[in-house]
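For reference, the structure I am asking about is given below.
Note that the chains are named A, B, C, D and E in the order they appear, and that numbering of residues resets to 1 at the start of each chain.
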Amino acid sequence: MALLEVKGLHAGYGDVEVLYGLDFAVEQGETAVFLGLNGAGKTTTMHCLAGLHKPSGGSISFDGVDIAGRDVKQMVRRGIVLVPEGRRVFPALSVERNLAIGAWTKRRKSSFVSERKEQIFDYFPRLAERQNQLAGTLSGGEQQMLALARGLMSDPKLLLIDEASLGLAPVIVKQLFSIIGQINATGVTVLLVEQNIGAIDIADQAVLMEKGNIVYRAKGKQLDNREKLREAFLGAPA
Amino acid sequence: KPGVHEQLADTSTAGNQTTGTVDGTTPTDTGPATGATGDTGAGTTPTDTGGSAPSAGGNVPAAPADAGPQDRTGVTGNSITIGIHAPVTGAAPFPAQAFALGREVYWKWTGAPKIHGRSVKVLFEDDQYSPVTARDRCRKMAEQQKAFLLIGGGGTDQIQACAQYAASGGIPYLSPGVTQIGVDNLPNYFAISMTYAQQGELLWQLISKDARLKGLANKVAMVRTDTPNFDDAHDAFLSAANKRGKSLVLDRTLPKNPSQTDYQTLAGQLDGADAQIVHILTAPTHYVLLTARLAGDYRPWWIGGGITHGLNAVLETGCTTSNGAMDKALFFSPFPGLDKIDSVDPNYRKAYREVNGGAEPDDIGIVLWGLAKTLHQMFQNTGPSLSRQNFIAKTQTGSFQSKVFPPQKYSPQNHLGGTQVHLLKANCAAGQYRTEKMFVSGF
Amino acid sequence: MSVLDIEGVSIGFGGVQALGNVTLSIDEWEVVGLIGPNGAGKTTLFNCITGFYRQDQGVIRFKGTEISRLAPHKRAALGIGRTFQQVGLVRSMTVLENLLLAQHLEVNYADIAGLIGSPETFAAEIELRQRAMQVLDFMDLADLAHSPLDGLPYGTLKTIEVAAVLATDPEILLLDEPAAGMGPEEAHAFGNRVREMRKELGITVVMIDHHVPLVVAVSDYMYCLDFGQVLTHGEPDYVRNHPDVLEAYLGEDTKKTNGKPKARRRTKTKARRR
Amino acid sequence: MAIGLDVTHPMDVVETDLGGMPQGGWPARLIAGVLLGGGLLVLLGVVSPLDASRIGYAFIFAIVGISMRVLLGLLGQISLGHQAFVGIGAFMAGFVVTELELDFAMAVPAAALSGAAAALILGGAALRIGGLLLALVTLTFGAVAERTIFLLRQFTGGGSGLPAPRPPWAATDTTYAYVCLAFLVIVLFLDWRFVSTKAGRAVQAVRDSERVAASMGISVIKYKLLAFMLSGFLAGLAGGLLAFNIGTVQAAPFNFFLALEFVLMTVVGGLQYRSGVVAGSMFFALLDRYFGNIYDWFLRQLDKVPGIRGVSDFLRDAIADPGLLVPAVGAGLLILTLISFPGGIGQQLRPIVNWFRGGRFDLSLIHGETTSQGGSEDVRP
Amino acid sequence: MGAATTNGLIVGAGYALVALGIVLIYKATRQFNFAQGEIGTVATFVAWMLLERDLGWPISGTIAVLTGVAMGLAIERFVVRPLARSPQVTVLVATAGVALLAIALQIIIGEAKLRAIKPMLTGDGFTIAGALVKPQDLMIIAGLAVTGVVLFLFFRSPVGTALLATSQEPTAARIAGIDINQMSMLVWGVAALFGALAGLLFAPVDAFTPGFMTQRRLIPGFTAAVIGGITSLPGAVAGGFAIGLIESYFGHFLGESIRGADGLGVLIALLAVLVVRPQGLLGKAA
């Protein structure tokens, strides 16, 4: 059975409906990439999964339990962690304290936290150099790394990453995707929202959204046909 | 500065004010708030005649009686409406409940007197310890609710503001003594107890004659609130000292809203100057907060004139906060303490309990009772044909003896009619002021 | 003729040397791309040019005059316009109002005249509106004139920001990651617009972006910064394929270049356009 | 220090339906406007002098409200010492007529300018720093004004009564109320032009983001100072008018609690809406004045209801003076407004105002958009 | 001079205590709490009522502090939380509204009377260098020391870090699994606790009325917090003493010639600090 199974997910803001019944499933250990133009509803979907937004209908089953509508705290406790769009680092805290907050739910296991921190500094040596700098004074890309690193601190089962590559140098994007691949390899299931089609390289599954609907899903072999996907995504080659 | 003052008087006349409140001409029919007509004519805007024209003793120009039409606002065949304002909220309030209970006792008990067939209705407004509000509330009572006369319960600035308004409308105004500044030449204003300035000489008589204080006469200090309205009191106290060849060891003011540091600093300075007698002229709150900062073995004698310092409510708090430093304070007062009220007027307690369903009488009730009794005599003295003009004319030639307040004696030139005081002494053990002397005009 | 000259500019924050002796010059009518890894100092350079930071060392000249001591708004008045890495618009205003605001320096009546409502201000305001609408038209944003900013997609906001800066009538336009958050298609359209802008309005453009194909397509010339220093510069294709850039920025072909020292040749003085 | 302030949509958003004019067209709006304005003018003429004086007082409060709005609504700064600016204006007016023996026509401008000058001095030092620190500086300034400036005997006569007699042509309460109304109308015009032109836009940009404003060529300090001075100017003007409304200027009323009342009335009115601020200010000015009457009327109505006689008697016994209830009512209204109707009275008035501007009379406008806090402030440009 | 210094330190300790409460809330929520003073008054009022019934300080004090905490939690739940998405200034105004409401209710219930509360320590006190010191003044200094140390440690703890994080980016804090409502309650509860303690420590020094903390201590407390650097706890303490000393020196040496010299001194000092060192005495530069 799939780790995450979403059925007929509806959501909206006030009277405006934004998601019109999404269906998808992600297996344990998979990486799924969500593609779609601005305003397609990708962020809203992530927010529903992370408990930041209450769906208006449908079910989200995680590990066999329907968790639709639960609040963030419970989601985090179950191991669903969101790396939000727009970085949202704690600007007046040092990099180190930002990471400590990321491990909030694991704060009592201090050995785990320090191990984890080491591991993350391996992934992002830049952050290690900047440990004591206030996060608000980091460059845009450094903040993005910090946001991702913070999400990894709590040892999630399902990692939701919303537009991680925004504002990152291509070399870092590549590193990032390879790090995500490594994380994925440790058994973490990853759900990635991207504008950068390069993400398909690390994906086991691609989901294309348009105006609140899923218009195309590709798995396994289908993914090899990049041109077809590109067409579906862009309508035109970029 | 009479110059400024006259100048203003001129302006007000020029501003089609025909009421002529300052130069003493008789109020004419354009006078404001003539009740009957609700006339919105020119005269309805009272113009302030304020200013600071200190003049000792008061010199009110005579207003001839029975000249021109009579203003009978607030008077009907069987009732007279009067209005009282006092602060029950704001910076230095009176206890609201006590005021509410006491204000109608005299007029409501079964022995309540009729005045030429009329009973008295009492209006009350909270002036919030703000002169602007006082003025508005006095206008409300006089113009909307048709009060015949107005009474100030306490608070110098508010009394001044309301009295000046009342003057512009020819409305009689009664108040305890407080300041003389800006009110002593108002034709409608009557002080029913001695002003602070008048009490300056008396205080020095007390200091030089009283066995307990005599020896300390070279260690006298004065503390007053920083307002020009207390300048007269200050000058009078100082000149009484000079007359005796004395000077003050410390002469300080407290701001109107002192900070923590002000109290702390002043207390230390009093101690440093070794002031053993301190004449305090402030709101009672400031008195309490100042004495609260005393420490060690510094325990001066506190003395003063006035009304509010002599209220038991002050003592109730101050004895605890000052750790007893308030004990033995000596204050002049226009009313006797609870310990002596029965001997001057056995009706008071009875009437108070009767009207208020058995509630325990207090000293604020005595103030209001004494005031009402005095007013009763004034109405009686005016005769059955009651008008504002009549009332002023008759009162300013009358003498009154309520037996609770010391007697008043007015003349057309002098509306500051107080002549005597009672002397109260703080007794922290009893939590009350005790009356040491009554009806004294000199020591 | 060069519009903007940067000579030996350095700035540090605590232990971090964000810019170390950066020298570059931007010619009139040029579209210059500025790339470099995260934290290389690109935004910091913009901040020095626009006066939000003051460099520790070095000189910045705009059309030959030294501007290092001027406050940000004075530099804007000289004709230096910029966009921000995060959207630099006034969130509480509508699109049109933002464009009216952006014309602040163009308004020729006194503040007091506006306050007391003197007649010429009414006429001037109407003119401002017309100009704003023209700019919006140019950027294909006229439909959105009266809509509030809240709720507009990120890409649209970035376009509006560019429109607003255009309305300030700049001579040089500094764009900080204008295409971030845009899909490839949108980015492509945006690139075309930048070229058009340069052609029709005759302004000089410096653009930071991590969207390399876009930068390459749009620029006449490119600089690459790394660790606060100019790594290389030259024609777009040259920079794009420069081994240092490939390694430090693009992360391509690193294995290939690693073993081959000859690929490390430097040709930094070459290829200066015209 | 980055303390972000954002008040959303301070500009008067005109939601004009430029197509067909809904609901009556301009003639209907014109007639309604004339009726409303004319009604007010007539009303002022027929009420008693005391009522006229109180309404005049309320107009003056409305001017203070607009002054607060310039600061709080447009610049996003809050003054907790506004009573000081009003007081300085009032004393200046008293000083000009009493000590300098000049007349009203000199006193009122002098009052307004003194308010602006005080703002210039204070703002020059305090506005360089971002955030709400101005609030704390004005708070301290208010205390100093109360305890030092207002007690300068040469200037204020020691704060216990500087006479301010009205000019002969506006001696009555009624004529003077018209004068205050005229000033209020002028002030509303100024405020309208301010937000519709260069300076007002610049000020709002500065509130939202100083760096964005600067990048558009706006001098941040200059416009902060300008807005603060305009606010001080209007407060001083209100003070000058207040002096003549009361007749005597005293220090006592200009205390911290008045400053809080100014804030309350502006917020309850609804910062973003001019009409709301006027309504809120006047409401607070009049609440205190008429509460006694309303309360008495309320008790009398209770008396008439059979069976619950006891309730009104209980209230009469328990509440020694209705005045005690006023602060509770004011503070209660404030909290209620903030929590349930963040747009304040202005939000409630929106359907009407919108209709007058040529939009629809749309009751749904009462439910304002929820204000959002925007993301975190960037620590660096 | 000695007297002025001693007086300044005594008064300043009080201001510092209030400033700590203000800094706590500001640091953890970026809000200005204008009800901080009034929480103390309400607690005092409760303690007074209980002491009048002869319950003694330990019981009365405990119940009073709990009442203060309850008030803080109520403010958090019914005022601050509904306004979570409003601008900073709205919350400032709202807490000022709470303070006014609390004052108004106290007046309705118990009149605007000056009241005395039984002292915690009895004794006449003593004189140091010409300054009068009451036993209760020593209690305040002790209270200040305890509060300062506790708060300092509090912000070092993981919970303290989480608080700071919540104030800076609430959404991100939620995503990390922090219960931001719990955090908010914690802050307001703790601030109210110290606010109530401050009130109880102050009340026996002199006398109290409804609003006494707001009127006479809140403004200097705020000024102290700002001078010290608004987010710095040691700064708040330094600021409190600085204000006390400035008031005292100005009042002592210029008080008779310039009215309100102490207040003027504070304003000058405040402006000077803001011009020369905008981040406050011990604040960190942004």
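Definition applied: a residue touches a chain if its C-beta (ideal position, glycine included) is under 8 Å from a C-beta of that chain, and two chains touch if they have at least 3 such contacts.
Computed from a predicted structure; not experimentally measured.
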item: Distance-to-centre winner among chains (Cα means, whole assembly as reference); value: D
item: Longest centre-to-centre distance from subunit C, chain (CA-based); value: B
item: Longest centre-to-centre distance from subunit A, chain (CA-based); value: B
item: Gap in Å, rounded to a whole number, between the CA centres of subunit C and subunit A; value: 30
item: Inter-chain centre distance, subunit B versus subunit E - centres from mean C-alpha coordinates, in Å; value: 38
item: Approximate Å spacing (C-alpha centroids) for the pair subunit A, subunit B; value: 78
item: Rounded Å distance between subunit A and subunit E, as computed from the means of their C-alpha atoms; value: 44
item: Multi-chain contact residues (two or more partners), subunit E; value: 107, 111, 168-169, 215, 259-260, 263
item: Subunit B: positions in contact with at least two other chains; value: 88-89, 96-97, 226, 255, 257, 259
item: Contacts with 2+ other chains: residues of subunit D; value: 6-7, 146-147, 151, 320, 324, 327, 372, 375-376, 378-380
item: Interfacial residue positions of subunit A with respect to subunit E in the complex; value: 50, 52, 72-73, 76-77, 81-82, 84, 88-93, 97-98, 100-102, 104-105, 107, 147, 150-151, 154
item: Residue ranges of subunit D touching subunit C (in the complex, touch as defined); value: 6-11, 13, 189-190, 192-194, 196-202, 204-205, 207-209, 211-220, 226, 230, 369, 372, 374-375, 378, 380-381
item: Residues on subunit E engaged by subunit A in the complex (per definition of touch); value: 158, 161-162, 164-165, 168-169, 171-179
item: In the complex, subunit E residues that touch subunit D; value: 30, 32, 78-79, 82-83, 85-90, 92-94, 96-98, 100-101, 103-105, 107-108, 111, 168-169, 215, 219, 222-223, 226, 230, 258-261, 263-264, 266-267, 270-271, 274-275, 278-279, 283, 286
item: Of all residues in subunit C, those that touch subunit A in their complex; value: 13-14, 16, 35-40, 43, 85, 153-156, 177, 180-188, 210, 212-213, 248-252
